[in-house]
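Next, two complexes with subunit A in common: one pairs it with subunit B, the other with subunit C.
Up next is the complex of A and B:
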C-alpha cells in the first residue's frame, strides 16, 4: 500500500483508506523523536564515546590517537595501583552500605514511634545530607587533626582512667594518638565513618516514607495472632512491607558509595590517601582522566564503574520483580 | 471458651464520645450479633473487647477475670477485621498458619531452615498443615492456598481472613462484618458454616453485621446499637416482635416497620385518623405512635380502619410488598401480602387495610415502648367514647 506518503495530505482528497495502525505508528515515532534523540544525545552518546576512548591512548589536546585494544583494561587488572583502587572501593562500599542502611532503618523506626519532636529529629538527622560534603570535610579535617583535633584531645582525657583498658587509648597514651588521615591503617575507616555519618539520614528519610505505607491494622492482626514482641511484629509486618523500600535504599546507597569522591579529594588532593589506601574509583578516574590527562585509562575505569552500577541495577530489578512485589 | 462481661464501657476519641456506657453480658458459648447503623461504634466496641483499643472507663471481664490491663495477644481471642488485614507478603496458606505458628511454636522452631530440626517439630508441622487444609476446605479456598492476597478478589480475601480466625481455638471469636463482601450464595453458605461451627465448638461469638438476616438467623441474641448505646439486647424473636424502642423497631425488619401517629384523648383512649382503636394507655403522653409490621396489616373490605391507593409494588416471588398511600398519613404504608392476593393489589387500586390494634407496638414521644396498654375492644364500647374520638 502507498499509505506512508499520503498521511500528511488532507484526508478528504484521498479516498484510499490509510490503515490506522500504520498512521498511528508513524505519529507515535514522530512524537517521541525529540525525546528519543535527546536521550541518545545526552545520555547514551557519552557512554558510547567513553567506551570507544577506553580502547585508545587519547589525551586531550592531541590531534591523533592510537588504538591500543584491551591494554587499558589489562592494566586495570594487573597493576598494583588498581589493585589498591579495587580494595579501597570495595572496603568502602561493603562498610558503608550495610551500616548506613541499618542505621537509617533504625533511626526511621525510632522516629516513627515518636509522637512529638518527630520533625525536629528528622531535620537533625537530615542535616549532614543537606550540607555539602566538601564543606563538611574541612570541619572533619580540623576535628581529626593529630594534635589540636577535638577527637584526639577527647581521647587524651581517657589517659589515666579506666578507659585505658581500650587498646587504642592505651597505645595512644603510651606513645601518641593516631594520625587519623595520615595513617594507612585508619584512613579508609575514617572515610567510611564520614560516609555513614553523611549518608544514613538520607536512608532514614526514604525509610520514613516507606513506613507510612504500612497498613496499621496489620499490627493489630499480628497482635491478635500472638506476635507479642516488637521483633516478631517487625518480622511479620514492618520488614516485609519495607521490602521495596529496602531494595531501593540499598541500590541507591551502593551507587552513592561507589561514587565517593568529595572527602578524598578534600583530604588528599594529591594521591588518594596514605599509601593509596583510599584511592577509590571515582578519584582514580579524576586523577587519570583530568589531572594526568590519560583519557584512555580514565575511560576504562569509567566503563568498569558503569558495569558495577549496571549489575547492581539488574540485581535490583530482579529482586523487585521476584521477591518484594505483592 | 469463656463468657464475656462488659460493664459501662465508654470510649472517647478526643472530644467525641463514641461509646456512651455500653453494658453487655455474654454467656459462655453464646452467639451475639451486634447490629446498628454505620458509625454507631460497633467496630470500636469489638476492638475494645479485643484489647486493641483502651476503653476510657468501664470494665471487661473474660471468664470472670478483669482483662483491662491485659494486652490483646494475651487475651486469647481471635478476630476478623473489617478490612481483612491479611499479610500481603505471605501466601494464603502462610497467612492462615500465622496464628498457629505464633502460638504453638517457639521462636527457635519458627526459623526457616533450622526450625525443621528442633525435636517434636514434625508433629506440630503436620498438625498445622492439617488445620490449614480443614479451614481452607470449609471456606472453599483450598485452590487458592499458594496465592498471595494481592491476587485474590475481595470476597476471597474475606474468606482467607475468616479462615485465619477460625483455624484457632480461642476463648472467643470476634468477627467484624466477615461476610459483607461475599456474593449472595456464598454468604448463605458461609452463614450456615459459621453457625455449624458455633454449634460444634460451642465457643463464644461476637458478630458484627449490617445484615439483619445474618443477625436474625445465626444469633442467640441480637444487640442493637445506636449512637454509642445498646438499645436492646435480646433473642431475635423478641427484638423483632417486642422491641423496646422505636429505633430498634425501625432498624430491625425489612421492609421497615410502618410508624403511624395516633391521637390520645383525655381518658387515654387512642384513635387513628378519627377512628377508635379500642386501646387505652395509662400514662398521658405528648404524642403516641404505633408501629405496624408489614405482615400485621391485612387487606379488608368496606369496613376498614384505613383506606388508600396502591402506589408501588415489589414482587419478591414468594411474597408481595405493596406501598399504599393513605390520605392523612405522611408516609406510605407497606403491606405484605400473599402472591394469591395479587389481583386485589394492582397499581392504582383502592384497598382497605385492617389490623388487630392489640398487636400494634406503641411508642411514646421519646420512642420508648408503652407497655401499659389496655385492650378495650372486648368490653362493650360506649357510644360516647366513639363520638369523643370523632371530635379529637
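Up next is the complex of A and C:
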C-alpha cells in the first residue's frame, strides 16, 4: 500500500485539491478512530451504564437484576446517611473553595508586589500540590495526634502565657486538647483545612499567571482618575482584569473539592469519620458501590455527582460568555 | 520598608504552615520510636544506637542454638550461653534510628516493587495517552474532513467528565471483563486523555501549514507526518503534558484503591503506604514516615530541579 502511493505522489501534486480531500478524509478518520472509540468506550459508555444501573438493584456476581424505578434516588433524598453525605460534601466545598481561592489570590498579590524572594515563596507554596496527598495525609495524622502530635504540643506551649485568652487553648490547658480527627465537631474542618493547605498553591500560580497579563498602563490611568490607594487600584483594575482567571480558578477548585477522597479514606478507612461527619460523595460511592456491592445506590450517587459537575461547568461557561459580551 | 517587612512576615508564617507536615515527615523518618514518643531530638534526632526488638526476638536462641554454640562457650552453663547469645543478637540488631527506619521501609513491605509498579503504570499511561492523542489532535487541527466539528464537539463534551466520577461503572465493566487486579485495570481508564487531545490540538493549530505541505510533497504519509514532523515541533507542549500526567497518576490513590485488592504485586506506591499504615503499630511511625518520604521525594526532587516547567505543566489546564 505504502510504496505505490509514494511513487504516485508527484503525479497528484498538480491536481492536489480533489484527490487530497478523499485521501485526507480517510487519513483523518484513521487518525481519530482510536481516540474517538476510546472516548466512547471509556467515558460515554460508563455514564450510560451508571444511568441504567441507578434504576436497578444490580450487584456484581448476580446474573439478573430487578428494575426498582426511582427507589435508589428517593433513598438518597430521604435517608439520614445521605443527608449527612450531602451536608459533609457541601460543607467541604463551600469552605475549601472560597478560602483556597482567597488565599491563592492573596498570596499571588503579595508575592507579585515583592522584589526579592518571590521564587522561594512560590516554590514552597506549590510543594503540597506536587506531593502525594495520601502520604501527606498520614503526615497530617501524626501532626494531629492528640498526645504526641506537633499541633497539640505547640498549643500546650501556650499554657500559662497570654495565649490562654484564646478559648481553645484555655479549655485545652484546663482539661485536655482536642482529639481533632476523633471529634465530630472538628473532623470536617480539619479535612477542609488540609484541602485548603493542599490546593491554594495551585490557585496562587494561576493567579500569578493572570497578573502578568494586567497592563501597567491601567494602573497609571486609574491613578490619574484618583484611585490612589492600593485597595482602590485593586478594586478598579486588578480584580476586573482577573475576572476570567477567577471564574476558571473557582470552577476547577469546585471540581477538585467535590472529588475529595484520599484524606478521608486515610483517616477513617471505615465509615467516613466520627458520626459520619466527613462522609463525602466520593467516599460514599466507594463504600456503597465497591465495598458493599450496592451498585444501584452507588450509581445513583455517581449520576448526582456528574450532574453537579456539569452544572458547575455550565455556569462557568455562562459567566465567561457574559464577560465576552461586555 | 516596614510594609514589605510586614508582607514577608505574612508570607513566612504561611510558609511555616505549608512546610510543617513535610518537616515532620522527614524528621520522624530520622528518629527512634522513643524520640518520636517523647517529642525530642530536634530535626535529626540524636541518632543513638537503638536495638531492633523484633530482630532480637526472631533470633531468640532455642535449645538447638544453644547446643550448637556450646563449642564456642565451652565450660559455661546453658543459661550463660543463652545470655551470651542474646547479647550477640542485640549487638547485631542494634543500629542508628535512621538506618533502622529506612531499612524497615524497604524490608517490611516490598517498597521497591511498589515504586517499580508506580513507574510502570505512570509510564505506560503517558505513552498510550500520547500514541492515542497525538494523531487525533493532528487530524482535528490540520485535516479537513466531514464530521470534524462533531468530533471536536465530542472532545469538548468529554472534558466535562472527570474519570474519578465514573469510577464505579468503569470498575463494573472491568470486573465483567475479568480485568480487576491487573496492570490493565490500572492503566486502561486513563489511556484516553481528552485534555491531552484538546491541548495538543490547540498547539498544532499554531504550526504553519507550509511545514505539513512540504512534508506531503516529500511523499510522507499522514501518520508519519504526525510522528516525524508534528511530534518534534510539539516537544515543549508534550513535556508540560508529561509532567501533568505523571504527577496526577503517581499520586493517584482513588482508582488503584478500587481496582487492586489484596494483590501486593500490583500495589502502586500510595497503596503500599496505605497498607503499611493499616498493619503498623505505634513503634512503626519512623519506618512509615520513611516510606512516605521515599514516595514523595522523586516528584519533589524533580520539581525543585525543573520548577518552571513543572508549574507550567501542572497549571496547563489554566492556560487559554
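The rule is simple: the second predicted complex is superposed on the first by the 284 of 326 C-alpha atoms of A that agree within 3 Å, B and C clash if a C-alpha of one lies under 4 Å from a C-alpha of the other, contacts with A are read in each partner's own complex, and residues count from 1 in each chain.
The working rule: a residue touches a chain if its C-beta (ideal position, glycine included) is under 8 Å from a C-beta of that chain, and two chains touch if they have at least 3 such contacts.
Just so it is clear, the model here is predicted, and its values are computed rather than measured.
Superposition of the two complexes onto subunit A shows subunit B and subunit C fitting side by side, with no clash. Once the two complexes are overlaid on the shared chain, A:232 sits against subunit B while remaining clear of subunit C.
Contact with subunit B, but none with subunit C, is seen for A:215 once the two complexes are overlaid on the shared chain.
By the document's definition of touching, of the two partners only subunit C reaches A:201; subunit B does not. Of the two partner chains, subunit C is the only one that A:313 touches; subunit B does not reach it. Counted by residues of subunit A touched, the larger count belongs to C, out of subunit B and subunit C. Contacts of A:167 after superposition: neither subunit B nor subunit C is touched. Of the two partner chains, subunit B is the only one touched by A:243; subunit C is not. In the superposed model, A:223 makes contact with subunit B only, not with subunit C.
After the two structures are overlaid on chain A, the closest C-alpha atoms of subunit B and subunit C sit 17 Å apart. Taken together, the two complexes place no residue of subunit A in contact with both subunit B and subunit C. Against subunit B, in their complex, subunit A makes its touches with residues 215, 217-218, 220-228, 232, 236-237, 240-241, 243, 324, 326. Remark: subunit B residues 47, 50-52, 71-74, 77-79, 81, 83, 85-90, 98-99, 102-103, 107, 148-150, 164 touch subunit A in the complex.
Contact residues of subunit A toward subunit C in the complex are 2, 5-6, 9-10, 13, 21, 24-25, 27-32, 34-36, 38-39, 42-47, 49-50, 53, 60, 103, 107, 110-111, 113-115, 117, 119, 121-136, 138-140, 142-143, 148, 150, 153, 197, 201-202, 205-206, 209, 244-245, 248-249, 252, 255, 259, 261-262, 265-266, 269, 282, 285-286, 289-290, 295, 298-299, 302, 305-306, 309-310, 313.
For subunit C in complex with subunit A, the residues that touch the partner chain are 4, 7-8, 10-11, 14-15, 17-22, 24-25, 28, 36-37, 39, 132-133, 135-136, 138-140, 143-148, 151, 154-155, 158, 160-173, 175, 188-189, 191-192, 194, 197, 216-217, 219, 221-223, 226, 247, 250-251, 253-254, 257-258, 269-270, 273-274, 277-278, 285, 288-289, 292, 295-296, 299-300, 303-304, 307, 310-311, 314-315, 317-320.
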